[in-house]
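Once you scroll down, you'll see the structures, which are given as structure tokens.
The same subunit A turns up in both complexes below, where it pairs with subunit B and then with subunit C.
== the complex of A and B ==
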């Protein structure tokens, strides 16, 4: 490996279960004219042999590097292969590493963090995870590897979408989004994702903005669902087909318009209302849009509660459980189904018990560098095994520039970025990992604010 | 882990450790080597440790450690660490 000034070779890591379409994608990348020479490091047990002189077979060699508190698993075979590739780097523009179907992508990624000289020559571009839309739910329920492959991804290619209908696809994407709120998702058939969406994704580029699903930044609201309806005056019905609990708390508030923005302005009020004492709804009572929390008794076989509206307008309905879980529908006074103009799941459905999740934190203000340092250091040392990826843009007291960081398990790298200038100094972070406790993370992070 | 007062290991110092290791281990063009500094603030750990991974062609990867930052390592420290792992004769 020689001087620092030579351009870096970007490296993409491609993960995905057997049958997800990785080989189809690899074949396309190797045969399509996209103007790039891509060297492929393929695991020895590839699904289909690919005949190409830019394909190198690798035999997965997991190696644990550690001292007393940093434990980092790397791929010994990749150290060897990448070292050899660096000696003939004029022959290709990009390296793509395919992992075995059941692999945890962690060791592959961490390999790029164990040598500064390697980082001078290679640029880890991103982790791309192929997902078979027809079978991934089964894999997610049965295997932690499938959850981890999604958790590590910068780009998720939802392949074979022709095998499921659009409602299933929406549900699947929602579940993926909860595991990893920061990845870009592409829906494709036959692995037909444009090559530039796979190579050149910039997932580890710390200067790029942090893309987090805004829903993941929502603090722990006491309600799990909200819907905004346009309603005429009259006695409407909230119908609950399911009874997950003996009762459910419901709040209805008027909003300026049936839009996300309008309901966002009432979230604080709704949160406070949910902390009030509930008023059990009597048999002759109706729910009113007056800011009082109503407790509706749920009975098996279905429950109907009257929603009394006096003035035409937009109204937000907040429920303690998800609308799906409650089998909730709103029927107008004349019995017609009214669909919500805004339909927002606030907290995850309880139907899946994924141990992997994303925790996004957003907080205005400045951070005390010493407290932050102590917090992040302790967090990564004690929970690093469970934190797959971490990313953040931070406002540090006394620093004019944004501080950006990226981490994989216990390894972390950070640097000053561009000046904040006239932008509001705010902190945005995301942790993607196993058994993450949002309240604990949020609380301990907030204690670092000045 | 010290994010803000982070002592970035000097590439030159790590490169020097690697060149000594290449020489001591008599590595060939198909062999590879990485060197990294790990920092730890736990009482039972050395505050800085330099960890070298040796990936010889056709052999399993091995690790050697020197309980010092790269800047403080001299050739004899490295030699002792490699001897201790049985990677070079004593």
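== the complex of A and C ==
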């Protein structure tokens, strides 16, 4: 048998609404990339013409395979066109696919996963989404396509930033971040992003590691309020004047001191504890600072729960709802009102109700391979329709190498990567999708830790 | 090395020629003097089969030359990414922006069917456009004439439409939910088989509209060939070759014959004219000649230095022309024991 290896041609998918500046960007790439031969497959006519000899107009043909399952929906025209283009291998250094403004990027990406010939000859480099800073908010509110285009992206180009002020821009970027915490965001005017940020992004290169916005790794806390109190030993009372729900989850943890810094160090522990199952607090039980989540039944007219403290010190109280909403006060054993030294409202952001979001998970420790397999398999099978993209770098018990994976809907690909060596073994993963339940994902992931 | 079943028929490479690019299709001149190759750089070349003389350019398309077909009188028809069909040097433009996916001469050489975009175009012997079908639901990916030349079958996403060869009107619909990549009509014209993107093969009894679906292929299926008597259909779709037996009650519920020798996906297969031997080429660079008995032994095999993309039997069944992904055209001879 002969050696057959031929270099793969990288392919970039460029998405974005009509008018976002895709064509301007394409023309910039084509004029700046001297010496590189780039073929462009475009679906959208109009706008500005593209100045390139190698432009192929493709009529979008969506093919459903296997009973219309969403992850088997592919672009038939691309299979046909790319199948021919890759034969002209001497002529192209790169292929760019421009999608129509309203296109769901899923079928374009899946095309590269379901066709073995394309896998052998082409390398999906990344999804680049152009966003018109002046119009995207409107699009995000009105169309699921705009949300999906952002959710699928490896690189988001926030274009036409001269049309909005910097406060608007910050808000816009924050909202985009919530949709997709793993993409790189570039702010540009007139599509003037450096070409290497668009071509050669390595978005589907599993060995490139995982960049997740650190703010989004532990963003949506499962509690809405925390307070830190200096407490003497004794049977104190948590008094709830209001009853917004039939019950409220409460967690009390000891902290080193009554400071923000000290409580910050316990946030992760508190988040994990909140994913535990709660036991209703019996009439004679007291809440203890032992890391167990307590569920306090709230009755109209006010509820009082005993907080049993054995040693003098600082204690953090985390509540499922805000202290104001609950009418919460802490009374000492002798009935004196104790004011918190730290009083922090962690209001969940209800400002925009995008159904698309990112859930980033970071956890030290090692994963049990069997539990991980079952968890990921079940998750993608049952929730795959709603998970647009997933990526992860995992530390698996008994494996010296990092395990890297990524997926598009239910299609997943994983492999071992370089050894951990002296680096701390830790797990980072991200899911970007629709109607994701952070608590459930985090809780079920944590159950895979050994 | 493959298992060679005793002292018997073998293949030898007689000549090789280098062309510029991936050979998309290859076919013999009726007199066996030369082979024609449609290449990804746009050239349609005549390559001498006897090792005498040089390569001659017959047509040049802008973009790739995707397909070609040779009439019984030797007329060369080709199609390409430029949306044109060329017939012996004459050019007919069928599409603006649409590629010509297939051209195929009617068996008697009296007409050409060409797939361009979503339509089938019917051209006269001089390349003049004479009729055009209504658009199919999606891009036409494959064409095959009925052996008697009355109808031509066109495959696309959504199934097969059998069109009248006279005017391109619809004769029969064979709907199938999926993407059809290649089709072939049995020598008696009764059966049709199509290979699909979803790694399956589908059979039709055209008149009775009876259908049969075959799963389990390794890759998408674009390699299909009937034996001359219509008893066997050889199918690719991966590195194994699967042969279905249509004698008796047909392949339903039967175990097909599987031929395993290639180390990479098969790219072409064809039965030897009026013979029971089968030839196949694959991305592993091998040309393999098979005996299609139950044991399926390899008769003989030769290796090329590049993945092979296409091949074609000479009309007399004594030679095979192969084409590779880096432009090699090879002529091989079958030496009888």
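Everything that follows uses one rule, which is that the second predicted complex is superposed on the first by the 300 of 450 C-alpha atoms of A that agree within 3 Å, B and C clash if a C-alpha of one lies under 4 Å from a C-alpha of the other, contacts with A are read in each partner's own complex, and residues count from 1 in each chain.
As a working rule, a residue touches a chain if its C-beta (ideal position, glycine included) is under 8 Å from a C-beta of that chain, and two chains touch if they have at least 3 such contacts.
Every value quoted in this text rests on a predicted model; they were computed, and no experiment measured them.
K.L.:
Does subunit B (first) or subunit C (second) touch A:143, or do both, or does neither?
P.N.:
Touch partners of A:143: none, neither subunit B nor subunit C.
K.L.:
Once the shared chain is lined up, is A:396 touching subunit B (first), subunit C (second), both, or neither of them?
P.N.:
A:396: touches subunit B, not subunit C.
K.L.:
Contacts for A:57 in the overlay, against subunit B (first) and subunit C (second): which applies, first, second, both or neither?
P.N.:
In the superposition, A:57 contacts subunit C only.
K.L.:
Touch check for A:447: first (subunit B), second (subunit C), both, or neither?
P.N.:
Touch partners of A:447: none, neither subunit B nor subunit C.
K.L.:
Please work out whether A:116 is in contact with subunit B alone, subunit C alone, both, or neither, and reply first, second, both or neither.
P.N.:
So A:116 meets both subunit B and subunit C here.
K.L.:
Any idea whether subunit B or subunit C touches more of subunit A?
P.N.:
Subunit A has more residues touched by B than by the other partner.
K.L.:
I'd like to know which partner A:190 touches here: subunit B for first, subunit C for second, both or neither.
P.N.:
neither
K.L.:
Quick one: is A:412 in contact with subunit B, with subunit C, with both, or with neither? Answer first, second, both or neither.
P.N.:
first
K.L.:
Can A:88 be said to touch subunit B (first), subunit C (second), both, or neither?
P.N.:
Touch status of A:88: second partner only.
K.L.:
State which residues of subunit A lie in both footprints, the one left by subunit B and the one left by subunit C.
P.N.:
Common to the two interfaces on subunit A: residues 4, 61, 63, 65, 76-77, 79-80, 84, 87, 115-117.
K.L.:
Would you tell me which residues of subunit C are touching subunit A in their complex?
P.N.:
21-22, 24, 40-41, 64, 66, 81, 97, 99, 101, 117, 138-139, 141, 157, 177-179, 197-198, 219-220, 263-265, 283-286, 303-307, 325
K.L.:
Which residues, counting only subunit B, touch subunit A once they are in their complex?
P.N.:
Contacts found on subunit B: 1-6, 9, 11, 14-15, 18, 29-36, 38-42, 44-46, 49, 51, 53, 55-57, 60-61, 63, 65.
K.L.:
Which stretch or stretches of subunit A touch subunit B in the complex?
P.N.:
4, 61, 63, 65, 67-70, 74, 76-77, 79-80, 82-84, 87, 113-118, 120, 369, 372-373, 376-377, 380-381, 396, 403, 405, 412, 414
K.L.:
Quick check on the complex: what are the subunit A residues that touch subunit C?
P.N.:
1-2, 4, 6, 57, 59, 61, 63-66, 72, 76-77, 79-80, 84, 87-90, 115-117
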